[in-house]
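Shared chain: subunit A. Partners: subunit B in the first complex, subunit C in the second.
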Partner chain A sequence: MIRYIFKRLVYMIPTLFGMSLIAFLIIQLPPGDYLTSMIASMTQSGQNVDPRQIALLREIYGFDDPIHVQYWKWITGIVTRGDFGHSFEWNRPVSDLIWDRMGGTLTLSIASLLFVWAVSIPIGIYSAVRRHSISDHVFTFFGFLGLAIPNFILALTLMYVSYRFLGQSVGGLYSPEYVGAPMSWGKLLDFLAHLWIPVIVIGTAGTAKLIRILRANLTDELHKPYVVTARAKGLPEYKVVLKYPVRIALNPVVSAIGWVLPELVSGITITAIVLNLPTAGPLLLRALISQDMYLAGSFILLMGVLTLVGMLISDILLALLDPRIRFR
Partner chain B sequence: MTAMHSTAQFHDEAGPAVTPLKPTGGREEIAVAGQWTLIWHKFARNKLAVFSAAIIVLLYLIAAFAEFLAPGDPSASRPQYTYAPPQPIGWFVESEDGERRFQPHVKGYTVEVDPASYRRTFVPDDEQIVPIGFFVEGTPYRLWGLFEMNTHLIGALDPTQPMYLLGTDRLGRDLLSRLIYGTRVSMSIGLVGVAMSLVLGIVLGSLSGYYGGWVDTSIQRLIEVVSAMPTIPLWLGLAAAIPLTWSPLQVYFIITLIVSLLGWTGLAREVRGRFFALKTEDFVTAARLDGSRERRLIFRHILPSLTSHILAVVTLAIPTMIIAETALSFLGIGLKPPVVSWGVLLQDAQNIRTVSSAPWLLAWPAGAVVIAVLSFNFFGDGLRDAADPYES
Partner chain C sequence: MTEVSAVGEITRVGETAQRPASSDPVLSVEGLSLDFLLRRHILHAVRNVSFTLERGKTLCLVGESGSGKSVTARALMRIVDKPGKITGGKVVLNTDGNPVDVTALPDGSKEILKLRGGKIGLIFQEPMSSLSPVHTIGSQIIEVLRLHRAMSKKEARAETIELLRQVEISNPEEMIDRYTFEFSGGMRQRAMIAMALACDPDILIADEPTTALDVTTQADILGLIKRLQTSRGMALLLITHDLGVVAEVADEVAVMRYGRIVEMGDVDTIFHAPQHPYTKRLLASTVKLEKGRAASQSRPRAETVPILSVRDVTKVYGGAKEWFGKAAFALKAVDSVSFDLHAGENLGIVGESGSGKTTLGRLILRVTEPSEGAIIYRPERGEEVDVRALSKDKLRDFHRQVRLVFQDPFASLNPRMTVKQVIADPLVVSGGMTGKAIEEKVAHLLELVGLDPLAMERYPHAFSGGQRQRIGIARALALDPKIIIADEATSALDGSIRSQILDLLLDIQRQLDLSYIFISHDISTVRYFCDRVAVMHKGKIVELDTAEKICTTPEEAYTKSLISAVPSPDPRNKRMLHRHRFQA
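Take a look at the complex of A and B:
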């Protein structure tokens, strides 16, 4: 097991390297750099720009270095000092800004992942056992619908519905009176009351996909001879289904974190922008629009890392669940 | 995972059915029918998939004849009709002597001012009748930039009268016309994007699956990196780098490129899995012993037997592209006005106040996206099932 985890960790290194390259590419992509656009806007608004200060800044951020030197400076800063660069728009180190927001993203991803599992596993089992029943068709129908509606449209629709018919204020994760307040039961309840819309919005597509996967796998499994034997032996039906077939059919559900998680993180980004949640999404969009590239690049890198860690966990879980993987 | 599954599943495939026999129809002909005929038979039995295919064809027809189908110019605004609600079509009018006469029409608007907020709202006025007709003359246009025309499928008989079947937006522009023009951009971006990722996916997937070894490892790593990155942040990052000075056409192409740059991984995986399964097949060995070179092996023998499958995967990739474009444009970072796409239309419905006072601005473009995506999904599922020789 330890060996397996170690091997898996080593495999992550090239992927991490690739991700950092992509994030760096995004930082470098916009024409010109932040300094140029800052100087332009400052001169436009009639402020004096001290050329010496500019030169100093250029030197600190190494804008004149060749590209690989810049990359090296950037990545060693992150790895050794946790220094993600400087946010020009906020005039603060990027690391001051990101961790809060990434925490929000992490909370929402975990909540949505739990939601996806909690909904898709029972429904998937039910649909496979009662194939072609009316409820199965209803679930399939909603599954297709859930796959077809883009996150942000669902978010807008739910916002409209709850505004129009429930009279609930939506958007944000807390009601205004709790925003700055310390943690308390009231705040927690308020948080949960706000959480359901984003969680449903983000989780729907993943839930629909997992239901389809689980249903297909379990159907295959249920037709195997050992299930017939178990039933013939007179085992109660719940045991016939839950004891072995479900355990086997759950494998792909666990390994699905690998592709569900990037989708969730990606969904959170756009949903958070629509619902104005305190996660990485809105800040990322703002940073991109104002070309505050170190901030934007750090977010993109960290979101990638988040999904990678999720995949690692899913692989470890899978290895725990299935000895064939552990001992390969 | 998928690749592994498909490998196992196709391990015992007996080779492609490339028999160029021409069936002449009839049930007993099935025994000698070619692969494509079999696929067609199977596909036609799936009513939902056939229906979806019809809707897709319809959407592309709308895209092709947008100028004719749209009642007006999508960017023509009338400030006196901002946020006008949709008008239903009535078919009969009653004259003073109580006689009913066939005359398609819509009701005009009267303005009501809310005494509290002083907001103007439009309500349909039963007294005002705007006669409408089919094949009426309206704003002149050039169909496909070639034919000078001014006939529109539907419109008010008097072009100065308001006819807004789906309502208007913030600037008093006709939503129906904008939706129809938007179909052109949104539906074509799916096709162009998928074509690009098809090329990338097939080339890299075939290389990976055929050569194996380090080529395979490095391409797999690349796929892993790209597919582990959450797509929307990455799209945002790439799209944000588009210079503001670029022309709408350039932006259109670069957005398609960005969308397809991340869309090819699934396809490449699929192709690789099939290649692994097929390259040990007897017909490939036979071709190799016959002295075929590798290029010929890949392009003449292996790829053709993947075609039907690739077609299905491609169809299932189109909706992702459509959603991607919509999402980017919605966030204001993709296509920008004056280009009209479904995403650009949804941009107008971004905040809850607009949506609650003018819900049609959300409902129609969102409905169009959902219908297009659903149709492609059902169509692609049907194709995939039909292309799978082991599913009965």
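Take a look at the complex of A and C:
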């Protein structure tokens, strides 16, 4: 097992290298660079642009170097100094910007992942065992509803409900009075009160998806002979279901962790903008629009890393869960 | 009390002679009926079935698939799947002097849970899928012990090791922590038996326990079940469609058809004086397989040039160097096999699972690339094709003339394609035929395999196992092949349907001048069907001779042990349980 993990980690190195190359190419692809978009917005607002100053900036930022030189500077900075470059727009190191946002993003992501599991696993099992019952149809109906409603509409609705009926301040993760305040019990409670809206909004579609997956898988497994064997042993019905078929039907749930991680960073962008959440998504969007290349590139690279890590985690979990994978 | 009656009534013959009148049945079933409430109609799966089980005795339930055998057996434990419902009758279990009517107990009640596994043990057909793949063998058995016998973890573990030893699993201390996929089929079935016997049940239900196993393993497992039954004094309910097995182990036999027991009696009477026409027919189709080839054997041979010659074909798996130059474990799946196939001949290849017979079939087609050896194909007089040297295009031509029929008629037909599409697929792929011509050809092929040409617009699910296998054969015949490789083509079928398919294949052979390579683990089938038989063991052909010679006077020790393991469908001439054993 340890050897397997080690091997996987070694294999990740060339993949990471390839990804960094692609990430860099992507941010170079759009015509122009940060300065052209800056000039464009400056001329638009009627400001004077001094060509000499632009040339100077170009030299400082190294925009005139050939692409491979630029890449080399960027990647050696990351590998040797952990320096992801400098954000032009924010005028701060990229790593600071990302770290600022990472805490909120991770908390929110993990909270919604747990929400998804807590809701969908019991419902999925129930739907599979009582297939075609009325409650199964009801869950299925709400599942499809959850899949079909666009996240931002759900976000707006919940914001309205919470403002109108619960009298809460909405948007962001904290009430205005706590932003920037040191951590305290009051702040924590306030945080939790704010958390539920984004968690539900982000989790709904995932929950619906997972219920469908689990229901389909479990329906297949429930009629396998080993379930009859378990029943013939004299196990009570709930134990028969939970111990044998559910365990096997959980495999796809676990393998989905792989792409849950990167999706949490980029996938919730729209929701995050609507709800004004301090997560990574809006920052990435802003960076891409203004061609803030080091910031955008680092984000893309980070998402790649998260995908790899997610895949590794899900593979390890799968191996732990299913000996058939472990032994091959 | 002998009463001969119409279909649907029970014919009881020779019942009183067999057992003392005083013995109490441990389980008696009276008029059990079971319905499946389907969407549009009610299916009477079991109708008015009655029988009794006694300690130390074996009752065999015989019948073809779909006759309601398994459902009956499961109903004894009240394991009835959803649309099914027990609608009548009683199942009285009497293990300790207090008779209990199992059908009257409430669903999921403690009494039922106690009875499952505690008083009635169940073994199933598929040892592959009837144990959970993600739990160790040990944990699955320990669970039963802890459930019914209130043992501590440690005691249960020790007991499990003891049980594994009793079912003759070698090295039980180590095997207890293994997973099912690390066991062979026979070992899994042993583990399953250990689980069923864990709580010393009074009744053991074995539902086709050896159908998925090859003959030698089957003989081992049946011998084991028999021994355990005698030593523990259990009642055994054995469900099977193999009359050979019945003749070897049964005391009493109940023949089921369409959910009814049509005839019941002691084994000798059933085999030697059957009353019901269905029993007679079942017996007739079995005995026929035993008797040797009825088909014309007088065709001129020997002077002809073989149509296919296989010389020293070898397949090695693994053995390549690993990353760090360490030579990996190599397995010779097929080890320098040579044989000739003459035009119009049926060559049988028999062997246990893992003997390399299926691999050999794939090597001939080059679906799997042989490691060494030569395969020469002679389609016309004087023409020679070196199969191993063929380019991809030429190989396609070769595949047009040498076709494969698969084992599983359910898995080998695409459920989303109509029969016409399935059969026409090779014609479409090879090109050069218009829609109309294809349709005519498909109709012709369907007639050839004994199906109505009107069936071509239907989907495979509308057909039974035997009919599906006919469709598979029609597909193989679509390109007018010269050789057909039938890989266990009849193994998944019931006895009487099996002989129909074999007769069909022989009939087609007479019309179309085909040669067959017939791969099977079922020796009686091979004897019926083949002119010559090659016996494979561990990748080698140990003996190759006429079918008659192999089956009656084999030379090699291995062949002898294999032949003697075949159950004989005559209770007066039991063979399997006194067989030769082969150590290798």
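Methods note: the second predicted complex is superposed on the first by the 283 of 328 C-alpha atoms of A that agree within 3 Å, B and C clash if a C-alpha of one lies under 4 Å from a C-alpha of the other, contacts with A are read in each partner's own complex, and residues count from 1 in each chain.
Here, contacts are C-beta pairs under 8 Å (C-beta built on N, C-alpha and C of every residue); 3 or more make two chains touch, one makes a residue touch a chain.
As the structure is a computational prediction, the values presented were derived from the model and not from experiment.
In the superposed model, A:Q291 lies in contact with subunit B only, and not with subunit C. In the superposed model, A:A40 lies in contact with neither subunit B nor subunit C.
Ranking subunit B and subunit C by residues of subunit A touched puts B first. In the superposition on chain A, A:V228 makes contact with subunit C only, while subunit B stays out of contact range. Of the two partner chains, neither subunit B nor subunit C is touched by A:L192.
In the superposition on chain A, contact is made by A:P323 with subunit C only, not with subunit B.
By the touch criterion defined above, A:T269 lies against subunit B but remains apart from subunit C after alignment on the C-alpha atoms of chain A.
Of all the residues in subunit A, the ones that touch subunit C in their complex are 223-226, 228-237, 244, 247-248, 321-324, 327. Those residues of subunit C lying in contact with subunit A across their complex are 74, 77, 79, 81, 108, 113-118, 120-122, 124-126, 129-136, 143-144, 147-148, 179, 181-182, 192, 195-196.
Within the complex formed with subunit A, the subunit B residues making contact are 1, 221-222, 224-225, 227-234, 236-238, 240-241, 243, 319, 323, 326-327, 330-333, 346, 349-350, 352, 355-356, 359, 362, 366, 369-370, 373-374, 377-378.
Here subunit A touches subunit B in the complex through residues 14-15, 18-19, 22, 26, 29-31, 144-145, 147-153, 156-157, 159-160, 163-164, 170-171, 252, 255, 258-259, 262-263, 265-267, 269-270, 273-274, 280-281, 284-285, 288-289, 291, 296-297, 299-300, 303-304, 307-308, 311, going by the rule given at the top.
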